[in-house]
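Scrolling down, you'll hit the structures one after another.
The same chain A turns up in both complexes below, where it pairs with chain B and then with chain C.
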Partner chain A sequence: MGAVKNMLKGFIFTGIYAVFTVVIPLVFFTLIFSIEGLPLEWEQQDQNNIMFWLVAFGLLVSGLAFFKYSSPKQSIRKAVFALIQVIVNCLYIWSYRFSGAAEVTFVILDFGFFTLDLSQMLLIYMGVYFLTIILRVYDIIDFTINREKIRENRMK
Partner chain B sequence: MIFQVMDFLEIIAEIVGSILLFLKPIVSPIGAFLVDVTTAAAQFFKDNLGTSLTFYIVICVILVVSGIIVNIIWPGDRPGSIFSKGVGKIEEFDDKIEGSDDEDFVDEVKRCKDCGNPVGDSEICPLCGARQI
Partner chain C sequence: MRPSRVFRLLVRIFILFLTISVTAVSILGGLSAVMILSNQDNFGIDTDNAEFNLDINNSTLIIENVNFSLPFNITNAGYFDLENFQLNIQLGLNYSQIDGGGPGVNETRIVRILDRTQNFGDIPKGLTGNFTFFGANSSFLHSSFPDPLTDIDWTRSPPLEFYANFTISLDYSVGMHSISITVINIKIGEYP
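Here is the complex of A and B:
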């Protein structure tokens, strides 16, 4: 029963992560690129680049989410995969920057253009992720030290 | 009311700003380090694995399948199925040994009906001479 419950939980969270990291951004960017007349200066190569990295890291994040959320509570493997997931999340967030999605150039006719740089916002996210990494490392240490106690409580 | 809310938000912004300023000497180098590491990792992915999604799909599938297998073997709320089989066998073996210890083999030895002396296969007790038929 425990295994089925864990896997169900894993699949639910994989679905949620897939929706939030792959489907919604993909739909958003597809809509933006498809709307004619928007004052955005994005080329086909930028579009392909953004889509590719979103899907690539989104898949990794979703796969890791399955492993993390299907693992038993307070288990070492959950803590380890949570740490890996945070690191991959950093890459996912960073992919917005290096694919060019964080710099949006608006072209206004008869006026010129201006660029909206969202990198600073991503940097704040990176700071939050760094704090999360520290928490995850603490979790690994805690779960490793109290392994026997946690296991006894879980198997009661 | 709106102006009061604005004042309140300004106070919060000042508090947060002062905390960030206080932590800046510690947080900034850490943030810069994380950015450097992430940039290097992202660049690695871009240079080596930036052409096909196959790698990422395979990794995702491997993670899900291995997650399923690991959960079947080690569900967490009871000992893992591989080990539990082993443990079961060991316990079974221990029970057998314990059971054999409990059975007093002395009881199985044929004794004299009169004096209780072990007589074995003999028909007459060597101690009291009583017949054992």
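Here is the complex of A and C:
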């Protein structure tokens, strides 16, 4: 019964992650690109790049969410998948930077242009993720050292 | 609960607090940027009071001195201080080139005679910063100036026209948002 429950939990979290990392960004950028007359400087190739990297890393994050959340509580497997997921999450955030989505330029005809650069904000978020990576490594060590104790508690 | 889990919980709370703070600053910064940029009165480039002094020796037609000043102001209507506020001005000189090849070969040229960035520091929230951009004689690209005797067609009216590109750049919300606004091809004067 526990295994089924874990599998269900894995599927639910995969869905949640897919909505937040793939569906919402995809809908957001599709809407922005489809607005007629919006003076964005992104070209077709930039749009394709942004979409591709967001979907690619978003799917990876969502897939890893399944393995993380379907693993037993306080297991080494869960800790390892959680660590991989955080690292891929960092890449996902970084994909906004290297795909060009973090730098938005609006061209205003007969006036000039306006640029908003959010790269620094992404770097700060990656700093927070780095702290999470430390926490995940701590989890792996903790779950390995206290393996027997965790198993005993699980059996109870 | 094991002591190691209690420690982990405390670190998690700290990370959560950090994430919420960063997100709050990002959202407030975005709102501030909208508040500042949506009101044109927050940016005042006073082109009417811009001064462009070009001293040309009447006998030798050699440029002896050139300088440029532009007063402007910016109001920080947002929630955070504006940081690293910079203004870059590129000045272009438009003239008709004498090619000496007979009628019809003259062509209009634009050469960049000034490309200068001045840093005005920070503007605290709620305050208006009044500044004057100044381009001294030494800042001008003298090697780019056309030769008044052999290059400029003085029969054109006006013989010289000056155009400018302005780029305002600044950091906001503790450096998380970098904004730049570029205004291109503004005519700022002519000579004589």
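The criterion applied here is as follows: the second predicted complex is superposed on the first by the 156 of 156 C-alpha atoms of A that agree within 3 Å, B and C clash if a C-alpha of one lies under 4 Å from a C-alpha of the other, contacts with A are read in each partner's own complex, and residues count from 1 in each chain.
Just so we're on the same page, a contact is a pair of C-beta atoms (placed from the backbone, for glycine too) under 8 Å apart; a residue touches a chain by one contact, two chains touch by 3 or more.
None of these values were measured; they are calculated from a predicted model.
Chemist: Return fit or clash for chain B versus chain C, each positioned on chain A through the superposition.
Modeler: Because the two structures are overlaid on the shared chain, the partners are seen to fit without clashing.
Chemist: Under the stated touch criterion, which partner chain does A:T144 make contact with: chain B (first), chain C (second), both, or neither?
Modeler: Neither partner.
Chemist: In the superposed arrangement, which partner chain does A:L135 touch: chain B (first), chain C (second), both, or neither?
Modeler: Touch status of A:L135: second partner only.
Chemist: Who does A:N48 touch here: chain B (first), chain C (second), both, or neither?
Modeler: Neither: A:N48 stays clear of chain B and chain C.
Chemist: Figure out whether A:L91 sits in contact with chain B (first) or chain C (second), or with both, or with neither.
Modeler: first
Chemist: Tell me which of chain B and chain C touches more residues of chain A.
Modeler: It is B that touches the greater number of chain A residues.
Chemist: Using the touch definition from the top, say if A:T30 reaches chain B (first), chain C (second), both or neither.
Modeler: neither
Chemist: Please give the nearest C-alpha separation between chain B and chain C in the three-chain superposition, to the whole Å.
Modeler: Minimum over all C-alpha pairs: 8 Å.
Chemist: For chain A, which residues lie in the overlap of the chain B contacts and the chain C contacts?
Modeler: none
Chemist: With touch defined as at the start, can you tell me which chain A residues reach chain C in the complex?
Modeler: By the definition above, chain A touches chain C via 111-121, 124-125, 128, 131-132, 135, 138-139, 142, 146, 149.
Chemist: For chain B, which residues are in contact with chain A within the complex?
Modeler: 27, 30-31, 34-35, 38-39, 41-43, 45-46, 49-50, 53, 56-57, 59-64, 66-68, 70-72, 74-79
Chemist: Please give the residue numbers of chain C that touch chain A in the complex, ascending.
Modeler: By the definition above, chain C touches chain A via 2, 4-5, 8, 11-12, 15, 18-19, 22, 26, 33, 37, 165-166, 171, 173, 175-184.
Chemist: With touch defined as at the start, can you tell me which chain A residues reach chain B in the complex?
Modeler: Of all residues in chain A, those touching chain B are 1-3, 6-7, 10, 14, 52, 55-57, 59-60, 62-64, 66-67, 70-73, 75, 77, 90-91, 94-95, 98, 123, 126-127, 129-130, 154-155.
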